[in-house]
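In what follows, structures are represented as structure tokens.
In what follows, chain A forms one complex with chain B and a second complex with chain C.
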Partner chain A sequence: MKSVGERVPKLDAADKAAGKARYVQDLRLPGMLEAKVLRSTVPHGRIVSVDVSEAWKVRGVRAILTAKDIPAKAWGYAKDTTALKGDRVRRIGDELAAVAATDIEAAIEACERIKVVIEPLPAVYDIEATLAPGAPVLHESKGSNLVQTHHYEHGDVAAAFAKAAKVVEGTFTLPAQQHAALGPVGAVAEWDANGRLTLHDPTQIPFLVQRDLAEALDISPADLRIVQPAIGGAFGARLDLYPHEAIAALLARKAGAPVRLLFSRDEDFQTDPVRPRTIVKLRTAAAADGTLLARDADILVDCGAYVSWGSMTPVVMVNTFGNFYQCPAAKFRARTVWTNTQPTGAFRGFGNPELLFAVETQMDELARALKLDPIEFRLKNANRPEEVTPAGGRITSCGFKEVLEAVKAKLKRPAAPAEPHLKRGIGVAAVFHVGGGARIYRSDGCGATVKVDDFGKATVIVGATDIGQGMETAMAQIAAEELGIPVSMVRVATQADTDVRPWDVGVHASRTTFIAGNAVRLAAKEAKKQIEDARAALKLPPDAPVDKVVRAEHFRQKGRLISASAFYDPPTSMVDKANHGNVSAAYTWGCHGVEVEVDVETGQAVVKRVVAAHDVGRAINPMLVEGQIEGGVVQGLGYAMFEECVLKDGRMQNGFFLDYRIPGIKDVPDIETVLVETGDPEGPFGAKGIGEAPIVPIGPAIANAIADATGVRMREFPMTPERVWRELRNSR
Partner chain B sequence: MKINLTVNGHAVALDVAPHRTLGDVLRNDLGLTGVREGCSTGDCGACTVLFNGTPIVSCLMLIPDAEGASVVTIEGLTKDGRPDPMQAAFVEKGAVQCGFCIPGMILASKAEDVPEGNLCRCTGYKKIQEAIREERRRTRPQA
Partner chain C sequence: MREFRYEEPRSVDEAIALLAKPGRNRVMAGGTDLLVRLKRREWTVDTVINLKRIPGLRGIEDRKDHVFVGALTHLDEIGRSELLASRWPFLRETVHEMGSPQVRAMSTVGGNLCNASPAADMAPPLLCLDAVMVARGPLGERTVPLTAFFAGPGKTVLAPGEILTGIRIPPAPAKGCFIKFCTRRAMDLAFVSVAAAKVGSDVRLALGAVAPTPIRVPPSVEEAVKRCSPIDDVRASAEYRREIVRVLVRRALAKVAP
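And now, the complex of A and B:
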């Protein structure tokens, strides 16, 4: 009975296609109130007063909260935020007050009647200017706008640059990118009579929300239960606790009724975390024979007004920086900064798309300068299986060579177009990413229980979260394969809450198939053993069906429950103070080859074709893996070509889908995916994580193809027609 | 105000405020939550319904304009528990990820080969295109 490797349709797809899946906006509880947050329209200022007396006069209002009514203790990664702001606002969108009412119109009207007086302070939006002496400081207790500096070094960088035949350098500028998940942000909170909170929350980290929200509410985590509805996309946006989750809970407690807080789309665009604006200054050196010698990076990353995961993107950058390619010397500094803008969070790829735009552009520049084929140059310096890197990374399975060769075989130079203003070119870029978890928290673990019932049906209860990628289906396939039963006989308890499910650190870092998959596999293996033990004890024949064995065991007085639990935490470590260590139990490589056509009169670059080759270890479900690759390619194409938050005086100017354009069906090029199966020794059935890697190389591959077509180097995303046209003009 | 329309083949009589949108009424008064609300500004297509057979974004249509119309939502595509061929093709071809865009995408695809007014942030559209082609192949073999 083969399940692993099959193109099993997603188990939740039929419900989703029938409109039956329930997202947070579909939840309705009896007596439920609707909530609205009053937000600052001032980017930086001192709050003088917030007067809610008129708001209470709106019919239907049941609760109003300001900072005075909630726990004052700051929370968050840098302990720099509260659910409602009391003394200062630090960005447009800061939460000043919140209202719960019987209907949303009443809540909105009440917010409009709240009188707020804010004394404006000078603000800073630019990520370089925010570190300049005299810049307004956002969090005075922190002394400056510098959040953190990350350092890394190996080898003798100065000597390597001195002896290099060729050195390239450049500054790369990356915009804020919106997750723009189609499902809106929101939460529904209800308290029971024992003072226990249930939060319906499409979060990526149910167990960490349990911890962090308890801190924000000043209650015990034991009194908190997180239930996840169907999640309408997340991509990293829901990897932290944000104020709205606390506000929903606080309003519900105050009102004594369930409260639903849903963002409008513009609220989502204006206030939910984004991929951080980033500036990468990079130098790369190579010897005349094409041996990579050294890299030196200096990076600035925006955190926005409050620190969330944006500040940790250098941790992933550094992992790539120290491990990717055989590079004998490397030096890295990244500083993360506060500015009076939207907070920045995790976003698929987590720093890697930002860093590798620079790294992979310079790989292309060096190959050209040294007159080497860009793929041969990469092959010469590629990581190999069973290698220990200078950063301490332990590489096991490695399909770098295979993905490079796959692209080389499939990407053909197109014929030159007849029209003289059209130029065609090809470009490649590669990616290195974690594929076996990522120990950025002390735990990288996940638990699972597999029970088999008297009807032969197996239920998988696992800590992992599905955000659309297909966790449920992959886990069912793994359990079915291990138990030797069809996938149709496996259910995954995706509706289960944190009271029922075992621990998991959350869905991030492409970790779920690898980590949760290993936990499920171990539990299923043990459950299988229990069944076989029962079969032997009961002297049932080898061909007696599973349901018969389990039933006989459960109906016997000294029988035993067929149910097994397992915990998997990968053999990795957190990085040390110098950012050395092996954070992942497996790594993954990919290469994208791209064909573009550039109109040199308008600057319009169109991606015609993409070959996306990825080392996936083993595809548990090739159809879902292809879906991850295609989705990542197109999201990365949006980031590279047209997505950008246009900021003016701290306000996003294009906070609608009409103006903030994400790729539509007509923007999609011909995409060919190539799955390279290296069979990872630690991965479940050889699998490695693949959720993030595909968003990374597409951007630099396009930039390299534009350079191939026109001779012009793009060092800023998005590569809009205007920017390309300007570079073309400057190059003349 | 009083409104009469046909929803998924059933006659429906409503008494609702005239400033409300068709999408809001379908979702919140009739419980047809398969009509997704992704933006409320007509830009994402998640709230697509078939309006007298033509896909429209229901978040922009005011309820008085729906008087007498026949509206089909995603719930109305499933007949006797059997999925519509387009729903089946989306499932089989792996065109569903988070699923939020999918009801609107499926309804638009019933009428359009290239549903360009419908956004999807997850799939990259390739498997959506494959699903549409597959449905066309199955339901219009001659075309």
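And now, the complex of A and C:
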């Protein structure tokens, strides 16, 4: 291997570091207008009137829209939202009107002059209270605030609990988490004279937005082109169609000029989707010898006011619940609910961090109760290679044993500190996650084209999206390896739009390296064959350089260009009605070991050291894999220790980076990464997806370490100093 | 950000004259608080008066009967000053608990104090050192002890048209410490801060973020807990803040007067 396995620096790193990468906030089109959305300050109410007459008097205003001016089309998974709201608002931040003007100050002033009358209705914010009889119903046509119930079961759960030597149970409470991507939310829309729309949009799903936005705008998807600028992070936040995308397009059409709609950071905090607030009630049972017997979960997940991907987190939870560890009996119920709060969306890990906080805490509790080493207890119940799980998961490569053993070898119990108020402890937690795509749509595929030009340079045109994770670099390495040329001779056409790129379902579920990587590998392999066939047919010597072969092949009568396309869709199935099935072509395991120091007088817990071992199949680029693991650890540490949307009467109280704390560099502990390379049979060069798994186990590993240090069991995130202090006080 | 007029006076008198003009006028030092508030549209300002071009407002000087710190001295200059470190090493520790290197390179000691946040990090150590504020306004120059400078959250006793020009610190060296309690280990606002100093045999104590202003309190755990009046907010509960005062004061006093 010459390119795969190399620590190639990210190809886009220099431009990003030098400020040359163009993000949505850098786009300037000739004649471009700026847009602002007027949002509801009332969490639930009937819209009586929206009067825009005064707003037109602001100089520079070019277009104003209210619900009356746009197609009355509901969209979304539950068809429960529209771009602008006409009769009802259901959360603070609901879109009431939008203005495009020659500058942003004029657009803001015009919004301030719009007179809105809303008759308030009773509102509900609590995810348990929203299901109580008599709670205000958000969407009356749906009958109640229950969106959906997900069920799963295998084995005889009641019998298993009855015979168990030890049962632990608890309720785990998880907050809404903000994606807090550096890049602002926004889109730039422009229409040509033929009525065709180009949307510059840092979305994760360009081809699905093409379909869904066309439907919302009542135009043909053929007349819509999605161009993705450089994306300043997404983490799942850009995985759906959102009102601002439609509003930008509608304003641009009305104004007859390009329109840019860019969120302020406050707007991002208050209105963009978040990781759902979740409550997990879990019981776990084990036999005296440490054999896992059964699990029983009852879960509540917030959708916010409108259904987006937050509602589907139980689908990933159930996948883990039915597959992770050899657990002979399992029962699962998850209900998703509407509340008068900001909609919830996909977020790295997608339900798995929420569920595994509970599962991995109870694995620790059981190990302690049964006087077993937490890693030995997990090893005893670990999944093995070539196993078919009760949920129908087909496990192929499996490095669970190896990641557990790696942490066991590297995590040592620290010496007790001299100061009596400081206590140190260690904890571990493991993760199971999809690593070979996830078939949540009918297709989990991606297309790729590889062409090789007269100069020996290969261009990769792939449906996949780079959101900062390193898709561009990984694809270049895979193509270079297959073609036998250096990475410096490969370009990935990241600027290409939906008119040029072959279809892809989107960047989510840790799927890109695996799925797009296989598509690129197949296309490169075919291009390489074309080159070698030409070399043979033209009787060129084996050492003739690639560029010479390519030129010779087309500078002739009946010549050909070197270009090959491929489509890869993994051998998986969607789950059946009972949530059984094999949704991924490969699965990954990881284990985190953590050392914490707790100040028992103040409750402040500081993570000193992390060992993060992951089964990555094969590292296409070890440096990027380490970056993904470190990034996941830090983002998961934020979720576990700092981050929380504090709501009061439906409004986020801390929607600003001062009080919404993401970890800073000084909060990042020493992180030692261990890459376990199991060589997956289906993955490109053996690789498996690793984007999400590292965010999952860090939280429960910290909680388990806090329990080890202090004896106090934390069952709510974030584990702030005050929360730990209260638990310490209550335990005395 | 709404539009505003922008002025760069070259003397304190010119700045005072600009400040006295009708309208909502604000002086700007480092801008690290002002610009954030303007961008968030929390404040509406007609004129921003940038003080940075005025000579003589920045720098640290030994004036024998006191050390003078110009109001526009950047926080990182406080942190780097050998003069300050030789007498009051805990001022350097304090500065290192504030913002980031980028923020410290822009923000000023005068701005930190005049912003009058109850959590202003420079306040507790300077309160312990009996610092005196020097202000100039239309009626001339006057001095105010720091203990009498803060009037409430975001409020000082500076009269309209008055500008803080510097801080006088009495020359006696002191052993001291500053303990800032916050969730993150940097780039965070204190929900409790404690400074303690021993000047000669005199032990002094000051608290931040647990009263409407930073306060000087008698040097005992009981007095500190009795005199603080913390609030419940999104950062922490009053009950917890009071407990943290108890813990941190005990630790701070043990450090300076074991």
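Convention: the second predicted complex is superposed on the first by the 731 of 732 C-alpha atoms of A that agree within 3 Å, B and C clash if a C-alpha of one lies under 4 Å from a C-alpha of the other, contacts with A are read in each partner's own complex, and residues count from 1 in each chain.
FYI, a residue touches a chain if its C-beta (ideal position, glycine included) is under 8 Å from a C-beta of that chain, and two chains touch if they have at least 3 such contacts.
This one's a predicted model, so the numbers in the text were calculated from it and none came from an experiment.
Trainee: Quick check for you: in the superposed arrangement, does A:666 touch first (chain B), second (chain C), both or neither?
Mentor: both
Trainee: Tell me the contact category for A:14 with respect to chain B and chain C: first, second, both or neither.
Mentor: first
Trainee: Name the contact category of A:658: first (chain B only), second (chain C only), both, or neither.
Mentor: both
Trainee: Between chain B (first) and chain C (second), which does A:486 come into contact with in this model arrangement: first, second, both, or neither?
Mentor: Once the two structures are laid over each other on A, A:486 reaches no partner at all.
Trainee: With both structures placed on chain A, which of the two partners, chain B or chain C, ends up touching more residues of chain A?
Mentor: B
Trainee: Taking the superposition on A as described, I'd like to know which of chain B and chain C A:22 touches: first, second, both or neither.
Mentor: first
Trainee: Tell me which partner A:328 touches in the superposition: chain B (first), chain C (second), both or neither.
Mentor: Touch partners of A:328: none, neither chain B nor chain C.
Trainee: Overlap the chain B and chain C contact sets on chain A and report the shared residues.
Mentor: Correct list for chain A: 656, 658, 663-666.
Trainee: Under the definition above, what is the set of chain A residues touching chain B in their complex?
Mentor: Of all residues in chain A, those touching chain B are 7, 9-10, 12-23, 25-26, 179-184, 230-235, 264-265, 467-470, 623-624, 626-627, 630-635, 656-658, 662-666, 668, 671.
Trainee: Provide the residue numbers of chain A that touch chain C in the complex, in ascending order.
Mentor: Within the complex, chain A contacts chain C at residues 105, 266, 601-602, 604, 606, 641-642, 646, 653-654, 656, 658-659, 661, 663-667, 720-722, 725-726.
Trainee: Could you list, by residue number, the parts of chain C that touch chain A in their complex?
Mentor: 2-3, 40, 181, 183-189, 234-237, 240, 243-244, 247
Trainee: Given the complex with chain A, which residues does chain B contribute to the contact?
Mentor: Interface residues on chain B, with respect to chain A: 32-41, 43-44, 46, 73-75, 77-78, 83, 87, 90-94, 96-103, 106, 114-116, 118-129.
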